[in-house]
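Letters A, B, C, D, E and F mark the chains as written, and numbering starts fresh at 1 in each.
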Amino acid sequence: MLLHVVNRSPANSRVFEQALSGMGPDDVLLLIEDGVQGALPQLVRYFAPIEGRLFALKEDLEARGLLGRCAESVQVVDVDGFVTLTEEAERTVSWY
Amino acid sequence: MLLHVVNRSPANSRVFEQALSGMGPDDVLLLIEDGVQGALPQLVRYFAPIEGRLFALKEDLEARGLLGRCAESVQVVDVDGFVTLTEEAERTVSWY
Amino acid sequence: MHEHDDTLRDLLVILRHAPHGSSWLKEGLDAALVAAAFGQSVSLLFMGEGVTALMPGQGPGPLGQKGTAATLEMLEMYDIETLLVDAQALSALGFSSDELMLDVTPVSAEAIPEALSAHRLVLTF
Amino acid sequence: MHEHDDTLRDLLVILRHAPHGSSWLKEGLDAALVAAAFGQSVSLLFMGEGVTALMPGQGPGPLGQKGTAATLEMLEMYDIETLLVDAQALSALGFSSDELMLDVTPVSAEAIPEALSAHRLVLTF
Amino acid sequence: MRYAILLMGAPYSHQASHSALRFARALVARGHRLEAVFFYHDGVHNASRLAAPPQDEPHLVDAWTALSREHEVSLQVCIAAALRRGLLDEREAARHGKEGSSVAAPFELTGLGQLIDLGTRCDRLVTFGP
Amino acid sequence: MRYAILLMGAPYSHQASHSALRFARALVARGHRLEAVFFYHDGVHNASRLAAPPQDEPHLVDAWTALSREHEVSLQVCIAAALRRGLLDEREAARHGKEGSSVAAPFELTGLGQLIDLGTRCDRLVTFGP
């Protein structure tokens, strides 16, 4: 299992498409920084192919006033959870 | 008439959408730097709403080996032509 | 010579970036505040992800930095009152203009070119 | 401890940027060359606009700078022979793999995750 | 016409600096007057006197300096953007208790007001972003 | 586990540096060992001893220095990326005929080989881009 990290919003950037095309069936994706916008109900549809394997960073949601606005299918983790994901994944691939 | 300048490729970035939404009926758009990819026949369709008002910078096409590959609807100008466009336009708006 | 058409406002600052992720938003706002302090008539246009700058309830950044929400609250003091928001970008994110932290004017796609034409200078951030 | 699975190659460098527009492509290639010089098995994967790095007939940049085409021609000398190209990105730009400046292996969307799994380290540029 | 350029891309990372220099040369060659280049955001790094690019790459600081000298172009660096990025002249270095400085003439640290002033005074302002 | 971080975003321009510092603090708090942070591309600007951010903003160079001291984290800066961007230590400044320097200990200029070595030696390498 690999962890993919995306830090750009699907509203402005197509980097999320590259991340998705790099993901195997067990891989998970964590949204950080401006990428957390992807956790909004209107944008989460871009991540439909990996439903259940999408995470978003709590601190970055909070800083942007988006914490209470995430789609239900998104798993919110804090930075300790981010570290745990990197432990569990064989390696981490960042898309920026 | 305003001149809009875009330096990112529609293959990676959504900046061209912002530029298009800022364009009035007489405005023109110049593609420079990585933006010149938008002049390729496969990508020029993104600029269909402004057909006849799309320019691409010759030197940047040349550096990338793309000079002979532009769609016919694109007007290729060199850097002197870029200056001329800025003279003719009331102002220049850059989208990056 | 520069045309001094009196129907034109002085400066439109286009803000296209989210808070915290980069310094673009802050640096664009700084340019707007300075122009206003110099007595210019300044408008802001929030486009793309820039509309998230207006979310209520923003907090500090990862190392405690302030963000831009406090700066936005000072706009009125600087007489920057024309706050335009790309209506399409807003609905793409699932927001409505009445839940934002400031009173803004949603503009349709057709009205954006008019906004650009109505200012002597346009800066994009 | 790090797993030393012998079926894995050492390094995959993903190149996602065009030549001349930024230093990303050059800096990614530099990382690949250094790893190869250290005796590692290195593969390259061109994705997105990165596929334009392989266009034949590239010239110097605006101020005469070399670009990256000459570096690509040295890959073979460094035993970097696994050159993967995202087939979808290629066709999105209207190119076919046989008109590129190097012999490359087009990979389908399904095969990209396999490429990532087959290397001990993945660096994205 | 009177032009100004606003440059916001870092040298050696984005083409913005190259594009701006090429455009600057072309516009003075066509008989226009380039009043100033204003460096903002990561563009402030164009003013670093410490940049040491490889010999076979263009030396951007030297190119700006030559442009400034040949055509009396003012090179204005936003002081707020510069300080946080480690671009200091001798006065700011002293004020912040730093030894040494990284910005030298003809580049000058100045306020954002100068950008607004250029936008008002000049007929054309062209922005090069990263 | 043994971790390394690759940082490629400029401080004060992108969140990358903040994210990397936050992640670094969290992983050492969980008992992991952070061997090194490698600065590449615009990330090299994190090493500038001349950065003078406003008092009410985080001082990233100080934050990296504190992390390095408290947890014996090596701070490695790609020399090729650094030189062209005006990041020099005293030795490189002398070699390039520049007065003054912009990189000071605990940051050290080093080759890309160190990044490859970290990727091999460490269990995890996490990249923060702009």
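In this text, a contact is a pair of C-beta atoms (placed from the backbone, for glycine too) under 8 Å apart; a residue touches a chain by one contact, two chains touch by 3 or more.
Keep in mind the model is a prediction, meaning the values are calculated, not measured.
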{"item": "Touching both chain D and chain F (chains)", "value": "A, E"}
{"item": "Partner chains that chain E and chain F have in common", "value": "C, D"}
{"item": "Furthest chain, CA centroid comparison against chain D", "value": "C"}
{"item": "Rotational angle, Cα trace of chain C fitted to chain D, multiple of 5°", "value": "180"}
{"item": "Same-residue or different-residue interface between chain A and chain B, half as cut-off", "value": "same"}
{"item": "Relative to chain A, chain with the most remote C-alpha centre", "value": "E"}
{"item": "Interface with more contacting C-beta pairs, comparing B-D to D-E", "value": "B-D"}
{"item": "Gap in Å, rounded to a whole number, between the CA centres of chain F and chain A", "value": "25"}
{"item": "Geometric centre distance via CA averages, chain F-chain C, whole Å", "value": "34"}
{"item": "Interchain centroid distance [CA atoms averaged], chain B/chain F, Å", "value": "38"}
{"item": "Chain C, residues touching no fewer than two other chains", "value": "16, 20-23, 48, 61-62, 120-121, 124"}
{"item": "Sequence positions of chain F contacting 2 or more other chains", "value": "12-13, 15, 19, 22, 41, 57, 125, 127, 129-130"}
{"item": "Touching two or more other chains - residue numbers and ranges from chain B", "value": "7, 11-12, 14, 33-34, 59, 91, 93-94, 96"}
{"item": "Chain-to-chain touches, reported pairwise for every pair that qualifies", "value": "A-B, A-C, A-D, A-F, B-C, B-D, B-E, C-E, C-F, D-E, D-F, E-F"}
{"item": "Residue numbers on chain A that touch chain C, as the complex places them", "value": "7, 9, 11-12, 33-34, 37, 40-43, 59-60, 62-66"}
{"item": "Chain E contact footprint on chain C (complex, rising order)", "value": "1-2, 10-11, 23-24, 27, 30-31, 34-35, 37-38, 40, 120-121, 123-124"}
{"item": "Interface residues, chain B side, partner chain C - complex", "value": "2, 14, 18, 21-25, 27, 90-91, 93-96"}
{"item": "List of chain D residues in touch with chain E within their complex", "value": "20-23, 61-66"}
{"item": "Chain E - residues contacting chain F, complex", "value": "10-13, 41-42, 45, 48-54, 57, 83-88, 92-93, 96, 98-102"}
